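Input: structures, listed below.
In the two complexes that follow, subunit A is the common piece, with subunit B as its partner first and subunit C second.
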Partner chain A sequence: MIRRHPEPLLWMLFSAGGVVSAMLMPVLVLLFGLAYPLGWLTPPASDRVRALVANPLAAIVLFSLIVLSLFHWAHRFRHTLYDGLQIKHLSEVIAVVSYGAAIVGSAVAAYLLWQLS
Partner chain B sequence: MSDHITLQIARYRPEQESEPTFNEYEVPYTKESAVLDGLNYVKDRLDGTLVYRWSCRMGICGSCGMSVNGEPKLTCATFLADYAPGPVRVEPLRNFPIIRDLIVDIGDFMRKLVRVKPWIVREVDKPLSEGEYRQTPEQLDEYKQFSMCINCMLCYSACPIYGLDPKFIGPAAIALAQRYNLDNRDEGAGDRMEVLSEYDGIWGCTFVGECTKVCPKHVDPAGAIQRYKLTAALESMKSFFAPRGA
Partner chain C sequence: MEQTHTGSYTPYHPRWLRRRLSTYWWLEKPAYLWFMLREGSCMFVAWFTLYLLWLLDAVLEGPLAYELFLAWSGTPWVVALNVVTLGFVVFHAVTFFQAAPQAMVVRLGRRRVPPGAVLAGHYVAWAAASVVLWVLLRGA
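For the complex of A and B:
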């Protein structure tokens, strides 16, 4: 009998987050973080971007990307604190803060995407 | 013609000193001399009180693992000429308690190893009269890489997680569990899952990857662990959604 603990689920979220953020984040950051603000490329009209985000499919993709990236961060941050700072004795506090932040971030993302739809 | 090189060897004689110290010895070497040859020269000619483990001197027995200039190495497969002009620092494997000089206590590893049942587990052994268990080359390739492990424990010495938390079952034990899990003659994957899916099993690993880097037999324990994480995670999801193991 396998004893239940949340580690497999958290690792799956971490793993999926690593894959999607590695594939999609760099191009989004390059476009919306550098190329458009610095004028390397002409940004699309804001109403077109809003229309795109209002599409349920685009909203689901963006939401998944944000949620999985946040859980990827949370898992990494938690283990960095455990092993990097060697404060594993605070494991419960660290887990609540890390995954709690990811849950709050996910809720904010859901709210914002809902507002834009 | 042979040159000389200085070995700085960690000595720890518990009846004499409370902390390990270093002794220096000048040993001759040629381009064929391994660090182990240097140690044998010290033991035979300079200081017979030095103790260390070794046996086959050809990378099979896995007993001569030590820290050479801070890196876990098989001393029979590490050459003095590569460290010229020296000195070469030889210490016991890190992350293990030192018993004496270069000898560490491997009891923890031996206890962990048996927990993962590194042998072929069968519910019912087929009778001898039915002949051998046959295997195709493809079935052999599934696990062959992991069967190269010689239990030298260099991976435990290199693993920072094991260094911080000795409860972690560790790279070689997981790679050896996979060696049998991936063998089509074996039926013990379920037993091993119980041990490996614990928090101190595979989930302790954060994929630092040093185990694979130092492995003298190119076993890739880090790869074995990541692969097993996926197996265990899917298994745990399955048991969550179908608790009766449907």
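For the complex of A and C:
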């Protein structure tokens, strides 16, 4: 029996996460990380954000951003520790911890967005 | 056939032919350091993903929790971390888009879209997405 290797799927998630986070994250960091906290711009009211994320399309985009970004991180982090820092003896542990964290984060995102819908 | 990355035996590549690399090989040349910084950008992508989850949690809890989140986001260490995060996510975006024309071959009919156009398309999409989010998230 041929065992399917998960690497191509994980690479697809990494790649998709790379594109989605590249497109959406810089402006979100600029707004929620700097412009609102430092008072350059007035932040949207709580109700406005709530109404926005209750929109199904917005929720799907946000869910994709969070899930794919987490798997993007997990994959890159694992490979950097393996190839970059040469931590080879712990590769199984690192894989379980990084993809596990991505799965937990995805579940949290699903729960929060479900509650907000 | 399954290949393992960690086994003590790998076909065709006897261990004794491999040069042992220092753990800090990426400090040897600027190009290697850039590679490591590019890979390291994923840590900031992960940080901001967590930040978004906290924001969603605060929005779910109500206006007071949202105000507390905004206040927390203005504390010096969070602002400092987000300044570095902005630098890294922009660096991530630029390097990821740079690789896109090599990773994907776009065809229109029988002709291949030139790599420069694929790259430009990514930048146009990036700009458009940023403007849409900016407008949607305007304060009252």
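Assume the second predicted complex is superposed on the first by the 114 of 117 C-alpha atoms of A that agree within 3 Å, B and C clash if a C-alpha of one lies under 4 Å from a C-alpha of the other, contacts with A are read in each partner's own complex, and residues count from 1 in each chain.
FYI, a contact is a pair of C-beta atoms (placed from the backbone, for glycine too) under 8 Å apart; a residue touches a chain by one contact, two chains touch by 3 or more.
Here the structure is a predicted model, which is why all the values come from computation and not from measurement.
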Touched partner set for A:His5, first subunit B, second subunit C, both or neither: both
First, second, both or neither for A:Ala59, with subunit B first and subunit C second: neither
Partner chain in contact with A:Gln86 - subunit B first, subunit C second, else both or neither: both
Residues of subunit A touched, compared between subunit B and subunit C (which is higher): C
Partner chain(s) touched by A:Leu13 [first = subunit B, second = subunit C, both, neither]: neither
Subunit B/subunit C common contact set on subunit A: 3, 5, 15, 79, 86, 88
Subunit C-facing residues of subunit A, complex: 3, 5, 15, 17-19, 21-34, 36-38, 41-50, 52-53, 58, 62, 65-66, 69-70, 72-73, 76-77, 79-80, 82, 84-86, 88, 91-92, 105, 108-109, 112-113, 115-116
Subunit B to subunit A touching residues, read off their complex: 160-161, 164-165, 193-194, 197-199, 203, 206, 229-230, 232-233, 235-237, 239-240
In the complex with subunit B, residue positions of subunit A that touch it: 1-5, 7-9, 11-12, 15, 79, 83, 86, 88
Touching residues (chain side subunit C, partner subunit A) in the complex: 2, 5-6, 21, 23, 26, 36, 39-40, 42-43, 45-46, 48-53, 55-57, 59-60, 62-63, 66-67, 70, 73-74, 78-79, 82-83, 85-86, 89-90, 92-93, 96-97, 100, 103, 122, 125-126, 129-130, 133-134, 136-140
